[in-house]
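Across the two complexes that follow, chain A remains constant while its partner is chain B and subsequently chain C.
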Partner chain A sequence: MEHKERIRLNIGPVHPAMHGVLKLILDVEEDTIVKAQTELGFLHRSSEKIAESRFFSNYYPIMDKLDYVSALNMEILYASTVEKAANIEIPARAIYMRTIMAEIQRIMSHLIFIGSFGEDIGNITGFIWALRERELLMNVVEKISGGRLAPMYMCNGGMFYDFPEGIDNEILNVLSTIENKVSHEYSAMFTKNQIFISRTKGIGVLTKDMIKKYGITGPIARASGIQRDLRKVSPYLAYDKVEFDVPVADAGDTYSRFIVRTKEILESIKIIRQCLKDIPPGPYKTVVPWVMRIPKKDTFVKQESPRGEMGIFLVTDGSDKPYRLKLRSPTFFALRALEELLVNIRVADAFAIVASMDPVMGEVDR
Partner chain B sequence: MENLSEKLKNEFKKDIEPIAGQDNLMIIKLNKKSLIKKLSWEIKRYFDLLYCLTVVDYAPVFELNYVFSNYRNNDVLVIKVNIDQKDFNIDSISDIFDSANWEEREAYDLFGIKFDGHPDLRRILLPEDWPGHPMKKSFKVDDEIRNWTGLDMKF
Partner chain C sequence: MIFDYIYNTVSAFVFSPLSYIISFVITAILAVTLTGIIPVFIGWVDRKYSARIQSRYGPVYVGPFGLLQNFADITKLLGKRFISTNVDKLSFNFTPVAVAAASFAMLLIVPLGGPGLEFISIPYSLLFIYTLLAISPLFLLVAGWGENNKYALIGGFRGAAQIISYELALVVVLSSVALLSGSYSIISIVNGQSSIWYAAYLPITLIVFVIAGLAIIEREPFDVPEASQELQAGWKVEYSGIRYGFFLIGDYVRVTVIAMLVTYLFLGGWLGPFLPGIIWFIIKTAVVLMIILTPRWIFGRPRIDQLIKFGWNWLLPLSILNLILVELFVIL
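Our next item is the complex of A and B:
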């Protein structure tokens, strides 16, 4: 038998083709990976420890920087946790406003995924197109909240400000543009593109058993045929009052992970349109004191973030700060599958597979 | 869910005690930490994955909250286990629930809890040679940490 030389390839933490500061250690024989290890922690900022020294109302900026691609989802998750722990009811208008903001952020996050996925397999045009569409929504978020990447829009009991006047029409205009582009224009760039199909179809197959073994949730699990979306399973916010489908694919390969996320954009557009139609007038927040004390209890809240099921385990002890705040991040579980998934594939495909996981290291390392 | 709690009551009798939970959140306290593996095997019949593992520092006692969930419905089960600071180890359940692997590594990294039988108990978020376990309430930022560079050289 011919002896093959084995090379150890360190990719990352700072590498143009790697997502954020993920580090992969690949043992390579010729062009095939024989062993893969992941290394995390390069963006560890100890968000959980910071929570223990801040008032409940002062933790929102940290949640923004957790998953910086979907900051509003993180804010809503934290706000829901604190409100559940403190038994705060938020007004009906605030519920609808939060649903709209969560779905706008989900579209933005998935557009970033489409863009960076295109970039990773050499499709720079896709990257620029996706960011062009994202910019339209960024402007909407900026008009609503004043911020773009880290909006700081949620607060305990609701939102800081109401929607500005006439924003519904602008959102609807932007949504119809995005719907048109995603469902028609992107197919030429991605799903009807022969190069894209041959780079993604049948690559990096995650079976149902692997999903259950590693505890993967979210779009990655749905791409492998697991029909589970917390927006349907345990409806929170206004998700039980709107109609939408949960896109599921069966193959579990890189291509279906792309397709599931693309379809989710169209479903989110549907949700936002229904919410804008049904949004009731009234107050947009329940006024609660800035510093509040929450009695001793454990609260566990989980919500569907664009990357999967994000959860917070909050332990309070009657003081004005959390006693312990644990963040359950979905990509932390998904990245463990890479050690099995990357074996016996080509190095060039490894980048497509990592990109299809859509990791945001801020949320993995916390 | 009801079947499971009945079954657990019959199986473990005095070693477990239910705590009144919130909607859809069942909390059970396990009194003997040596039984965690046996309990996990029972839970495995109903739950698919370890959803998250939260360690809470009530020094000298540390409370481990195992959150289990499954893919079929919205049920969540929380198992609370107390371990003492003097006897700072517990059996790993990563051979029963594979998703526990990195969660246990994280608990070891941030709190220093030893998980017996874990296949690969290394630090995960912090560097290998980091001094101390920062999520403990007793952790203080001292000169050793302030001057830590991660390199074996003096500047």
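Our next item is the complex of A and C:
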């Protein structure tokens, strides 16, 4: 029998190609991975415990830093949970505003994915192009909320401020730019690029069974042919009032995960356009006291974050702080599949597969 | 040969043995300056060009249009502290010098824009340049071994595997050009193209040469040995300061040499109507250089096995087929 020497490669937690502080321990024979372990927890900041010592209104900054690539989605999720627990009705305008902000954030998050994926397979130009488009939306978010990465825009009962005047036209302009770039320029750089296809097609195939076994949701599940999107399945915000498709691919490989996210950008653009057309005038928030007491009950709310189904389980005991707050983060489940996915592949493919999971360690480690 | 011009000029003023020494020193200074300035300028072109592709400005502050940015960077690299742990001192320090020397030697052999404008003239200049290009796997292996680092070692092995699988195609391509012109000397190859460019005879050879050349100098998308994502910087991982700077400069020298070779071997070198030869040469080389610099910014990186398969399965058979066709053409 041929003797092959095993090398153990520790990749991460500080490695230029790793997303955040994910650590991979790869046992490598020649150029093939025979065993892979993931090590999590390097960014654990006890976000859940912090919630127990904060008023309901004071937890938004922590939610911002949870999934820092899609901070607004996290804020909206937490706001929805608190409002459901406290039986607060938010005005129709606020619902539309939140839908718009959630979709803007989704586009930004997917652009980051496209960029970092391009960078991980050695295409730096793709990274810079994606960030260039994201910057346009960043400016919009900055004009609306005052913040960029962690906007702190939501509050219990609605938003802190109304949209500034004339932001509609600016958003529409930005959206048409992004639509143009994503559907034309990026296809030349990525989806029609022969090297890109050879690096991604048939790599890291997640079957439907694996998806169900690991409880993976979101774009990763949809790339494996599972048609499940919470925005369609159990509509929240204004998603039942707008028309959009849920992009699904069947192959389940790295390529289809990329395609699904690219198509989702275009769908999000559609949603924002409809919302901007339909957005009603009126108040943008229900005024609620800063410190409020929520009676003893359990509340579970899940929403479709750019990475999958993000959920919050909130236990209240009648005081002004949560008794327990549990976060269900989608990429945590996706990363568990890596131990099975990263076996019998080349070392170089491991990075493409990890990048296609689009992990944000802030959300995984909580 | 540049030395002859200088020697003739100097010997008019100074008596014989001393004039030989003086002209030798002048030639050496000229060679160092020229071969130093060319890669640094090409590096500036690359940075500006990539910046335009990526919607950036590139260097703007140091000098007009940021022209002196690379000099500033090299000065900075010179001032860096030498950091290393557990490296093999000899191979670690030897490799950057050897890589830079092998690269600069190529610039001394190719004519810089006209017959007689080379520092060293030898009849087999093409073969010698090929040798200098093909010696690099040795350096990669030595560097990867000497750095005492897993990533560097893997990078070194990858580099050696990649270059070995592409250099065969390169030498076959060079041979087919030499066969057509009947010489391994760049000057007679260019003179053989006075009626028609070899690019018209050998379009496939041109493409194979560009691809194999890019692979040999590890230019992206063939930068698998130093893949910054999986291997950080591959065989360069432990290098810093001016040792790293040597690699960078050597990189640009080799890009320049490949662009010059394409011009000489396929595009008629300095031959062209109306304008003086050196202008033609600069125009052609600039166009080729731009084409060579582009793939780095628009392609991702293939996997190492895909890369090697491509080299053995496509480039080598194609170049051998081409060689046979050229031979038939020459015989008939």
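The rule is simple: the second predicted complex is superposed on the first by the 366 of 366 C-alpha atoms of A that agree within 3 Å, B and C clash if a C-alpha of one lies under 4 Å from a C-alpha of the other, contacts with A are read in each partner's own complex, and residues count from 1 in each chain.
In this section, a residue touches a chain if its C-beta (ideal position, glycine included) is under 8 Å from a C-beta of that chain, and two chains touch if they have at least 3 such contacts.
Everything numeric in this text was worked out from a predicted model, so none of it was measured.
Chemist: Considering only touches as defined above, state whether A:D349 meets chain B (first), chain C (second), both or neither.
Modeler: A:D349 sits against chain C, while chain B stays out of touch.
Chemist: Which partner does A:G122 reach: the first (chain B), the second (chain C), both, or neither?
Modeler: Touch partner of A:G122: chain C, not chain B.
Chemist: Look at A:R132 in the shared chain and tell me whether it touches chain B only, chain C only, both, or neither; answer first, second, both or neither.
Modeler: A:R132 contacts chain C only, not chain B.
Chemist: Counting only touches as set out at the top, which of chain B and chain C does A:V233 meet: first, second, both, neither?
Modeler: Only chain B is touched by A:V233; chain C is not.
Chemist: Return first, second, both or neither, reflecting whether A:I195 touches chain B, chain C, both chains, or no partner chain.
Modeler: second
Chemist: Report for A:I7: first if it touches chain B alone, second if chain C alone, otherwise both or neither.
Modeler: A:I7: touches chain C, not chain B.
Chemist: Taking the superposition on A as described, I'd like to know which of chain B and chain C A:K212 touches: first, second, both or neither.
Modeler: A:K212: touches chain B, not chain C.
Chemist: Give me the intersection of chain A's contacts with chain B and its contacts with chain C, in residue numbers.
Modeler: Comparing the two interfaces on chain A, one with chain B and one with chain C, no residues are shared.
Chemist: Which stretch or stretches of chain C touch chain A in the complex?
Modeler: Going by the criterion above, the answer is residues 50, 53-56, 150, 220-221, 223-224, 227-230, 232, 297-306.
Chemist: Touching residues of chain A toward chain C in the complex: what are they?
Modeler: 7, 9, 15-17, 31, 118-126, 128-129, 132, 188-189, 193, 195-196, 198-199, 346-351
Chemist: Under the stated contact criterion, what part of chain B meets chain A in this complex?
Modeler: Those residues of chain B that touch chain A are 22, 24-25, 27, 48-52, 54-57, 65, 67, 71, 73-74, 76, 78, 97-99, 101-102, 110, 123-127, 134-135.
Chemist: Looking at the complex, which residues from chain A come into contact with chain B?
Modeler: 40-41, 44, 46, 48-49, 84, 212-215, 221, 226, 228, 230, 233-234, 298-300, 302, 311, 313, 315, 323-324, 326, 328, 332-333, 336, 365-366
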